[in-house]
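Below, chain A partners chain B and then partners chain C, in two separate complexes.
What follows is the complex of A and B.
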């Protein structure tokens, strides 16, 4: 760690991991409700558990992104953070607002929460992923503005690197697009149309810029490959992201009352969306192969490579699987969507946040560059357990989805939704078991922060071994 | 990547390409907006329908159901519920009849204790939604 102020990132990372645990526990509740329909009913109905599951995910990833920015921006800009105090203040504002919102979901009926928070004044609640009370949304905007100011001032008055610039563009895009969450017209088609400007243009647009810049930073640090090379790759990857991803929004405009031509625009452009993810995979492996040093933090390198592979599989391959309009006609809004969602979010965003945490945490906790061998081995076990189980979760949901689509939409005599759900429950059971394995992996992950912390750290800087 | 392809070129592709496709997307959005009045059933949006949409949101119906295929996949698609359940009376009857404590071992919709006016508004909203002209008349069949 080169600058004292980078250490504010630690708060953000700790909170991120804590919320991650909460997200997974609620995921397991949801999985069980799929097979034991009245589990926790009516205390925690499915929709409430799902809000908690998805909102915790979004919030902890945002904590992760902000932590990543606070850590890497000063190092790239070669100066202290503009205001560490503001960063700490906003941390507590965001954490308390987030905690109150989740408690609100759990403790009062959602409609009462809407009344309590004055949703009628500016109705924004009750839309998927944007369930937060309007006042929470306003809080998010305030936190985002303060955060961007802090990061922006640091970047603009310091060394301007491509990593910092791309990160800043991604973060500004994130904040600006969130403003569409305040637009909620009575016209359902327009509501849906612009809802995607938040959701799609986040995860298949600006978030990929954030992902790319974090990954590039960690690769520069761990491989020692020339910055120029990595920055060129970064530009090409994010160029392909936006060139394909913006018009690729059209794959959400097939069946919501929008014109037929979106089936062409959406299919053609989103069919190309895997390209930037594939390039990211090639990029990460190339850089690690051309490394000029063997970084002692092998766990971080593993997470970086894992991100590149799993993002391609989850976002790229599983996205392509159902993105062409003639296929999507049958798969739209089925378990296929859920399968894609799980692997894409884990592979792209969960893993990149865990990558930067893995890279930065040892140094923020007083190590030179890496954790002890025992700690890293445990972390790698957690990597494999979580990654393999998300693959299985995805495969089981895909199986469920294929059967669902066939029985409910494709066969000669389509069956009612609930009847189909019972027929495919075996897959839901298997998914729940895979989810439990994921939880074991997550427990080991948390444990890796406490194991071997008194052991000596893995030897710094072994002899450089430039391979092909 | 080869030396002939410089970082400046990559940067220009990023800025130029992103800007071009952003403008293309905005143009398509503009065109879509001009076509929506014939498709999105806006003439049917009454006070009642708007009230129904607020209730739909206030009770987070999207947290279990899909509407035009978007939402959660725990409960049936509702874009065509008006047709599947046999009109407004069918919708209202179903919502009203949900047992307060659920159904042992099975998924069940909560009992929301809506007033008659609220039930009517929700049914009107779902009727409006069912009459939006979706491409290829999605969903593929009555089961949603």
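What follows is the complex of A and C.
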């Protein structure tokens, strides 16, 4: 760690991991509710568990992104963070607002929460993923503005690098697009139309810039490959991301009442969305093969490569699976979507946050560059357990989805929704088992922070000769 | 022995592909998007031949022909720019690049006039399937011409500032390759959308 102020990232990373655990626990509750419908009812109904599961995911990823920015921006800009105090203050504001919101979901009925928080003054609640009370949304905007100010001032008065620039564009885009969560037109078509400007343009637009820049930063640090080479890749990857991803929003506009040309635009452009992810995979492996040194933190390198592969599979391949309009006509809103959602979020965003945590955390906890061997081995175990179980979750949900689409929408005599749910319950059970394995992986991951902390660090090997 | 042109003279020392590998991957990706769009056009046309023929007749082929010439000329200028920098003639290279930018701008003006004409007649994306494809394909290409012009202009400025010479000009080769891609796409788009029926 080169600058003292980078250490504010630690708070954010710890909170991110804590909320990650919460997200997984609610995921397990939710997964069980698919097969045991009244599990924990009425304390935690299905809709509440789902809301908490998805909202916690988004919030902890935001914590992760902010932590990543606080860590890498000063190092790239070659100066201390503009205001570490502001970063700490905003951390607590965000954490408390997030905690209160989740408690609100859990403790009072959703409609009471709406009344309590004055939703009628500026109604924004009640929409998937944007369920947060208006007041929480305002809080998010305040935190985002303060955060961008802090990061922006650091970048503006420091060394300007492509990594910082791309990250900043991504973060500004994230904040600006979030403003559409306040736009809640009465017309349901318009409502959905702009809702996707937050949801889609986040995950298939600006978040990919954040992902790309974090990955590029870690690869620069761990491989020692020339910055110029990595920056060039970053440029073409984000260009392709934006070309395909922005118009690719159209794959959500097939059946919501928007003009027909979206079926063409959405199909053609989103069919190309795997390309930037594929480029990212080629890029990551290329850089690691051309490495000029073997970085002692092999766990971080593993996470980085894992991100590139799993993002391509989850976001790219599983997205392509149901993105063409004629296919999506049958598959939209089925378990195919859930399969894609799980692997894409894990592969792209969960893994990139865990990558930067894996890279940065040892140094913020006083290590030279990496954790002890025991700690890294445990972390790698957690990598494989979580990654393999997400693959199985995805496969089981895909199986469930194919069967669901066939029985409910494709066969000669389509069956009603709930009957189909019973028919596919075996897949839900298997998914739940895979989810439990994921939890084991997560527990090992958390444990890896506490294991072998007295052991010596893995030696810094300054081997100048690349193996490839 | 006949005089070798600059491209041939350095032929042996040239790396293939010229320019940056990452840019080539980008170009291939872009070509794939267009290829899918062209295929979609062709297959849809097969199902609506009469409709496509009827509305294709409303397109301005003369303008499109001028535009084809503009892009080919721009590509020629860009070739000259690469040849010049390989001989260390930076000032000439810069001028050729600006000439390429000029031809690109000419394309935008002509195409803009075409759009103005169609929009004035009330043509929209939802008017019919042919116009949907016509507007989508040409506008997507139009955006690429703009990007290509920006690339050439940046290269021209940087060449003028002395950033490149015979030994180091990968950026110019990369930009030139990108521009040729923009040209190539139009050379498919023009006959496919304007002429063939």
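The criterion applied here is as follows: the second predicted complex is superposed on the first by the 466 of 468 C-alpha atoms of A that agree within 3 Å, B and C clash if a C-alpha of one lies under 4 Å from a C-alpha of the other, contacts with A are read in each partner's own complex, and residues count from 1 in each chain.
Heads up, the rule we're going with is that contacts are C-beta pairs under 8 Å (C-beta built on N, C-alpha and C of every residue); 3 or more make two chains touch, one makes a residue touch a chain.
Since the structure is predicted, the reported quantities are computational estimates derived from the model, not experimental observations.
A.B. asks: When the two structures are overlaid on chain A, which partner does A:92 contact: first (chain B), second (chain C), both, or neither?
C.D. replies: Neither chain B nor chain C is touched by A:92.
A.B. asks: Report for A:254: first if it touches chain B alone, second if chain C alone, otherwise both or neither.
C.D. replies: In the superposition, A:254 touches chain B alone.
A.B. asks: Identify the partner contact of A:236: answer first if only chain B is touched, second if only chain C is, both if each is, neither if none is.
C.D. replies: Touch partners of A:236: chain B and chain C.
A.B. asks: Contacts for A:279 in the overlay, against chain B (first) and chain C (second): which applies, first, second, both or neither?
C.D. replies: second
A.B. asks: Between chain B (first) and chain C (second), which, if any, makes contact with A:409: first, second, both or neither?
C.D. replies: After superposition on chain A, A:409 lies in contact with chain B alone.
A.B. asks: Touch test for A:271: chain B only (first), chain C only (second), both, or neither?
C.D. replies: The second partner, chain C, only.
A.B. asks: Using the superposition described at the top, list the residues of chain A that contact chain B and also contact chain C.
C.D. replies: Comparing the two interfaces on chain A, one with chain B and one with chain C, the shared residues are 232-233, 235-236, 239, 243, 259-260, 265.
A.B. asks: Okay, in this complex, where on chain A does chain B touch?
C.D. replies: 33-34, 36-38, 41-42, 45-48, 50-51, 110-111, 114, 119-120, 123, 125-128, 131, 162, 184, 186-190, 192-193, 228-229, 231-233, 235-236, 238-239, 242-243, 246-247, 249-250, 252-260, 262-263, 265, 329-330, 332-335, 337-338, 408-410, 414-418, 421
A.B. asks: Which residues of chain A touch chain C in the complex?
C.D. replies: 232-233, 235-236, 239-240, 243-244, 259-261, 264-265, 267-269, 271-272, 275-276, 279, 282
A.B. asks: Which chain C residues qualify as touching chain A in the complex?
C.D. replies: Per the touch definition, chain C meets chain A at residues 20, 22-23, 25-26, 29-30, 32-33, 36-37, 40, 125-126, 132-133, 136.
A.B. asks: Taking the complex as given, what residues does chain B use to touch chain A?
C.D. replies: Result: residues 1, 5-7, 10-11, 13-14, 17-18, 20-22, 24-25, 28-29, 31-32, 35-36, 39-42, 45, 49-50, 53-54, 56-64, 66-77, 100-108, 110, 112, 128-129, 132-136, 138-144 of chain B touch chain A.
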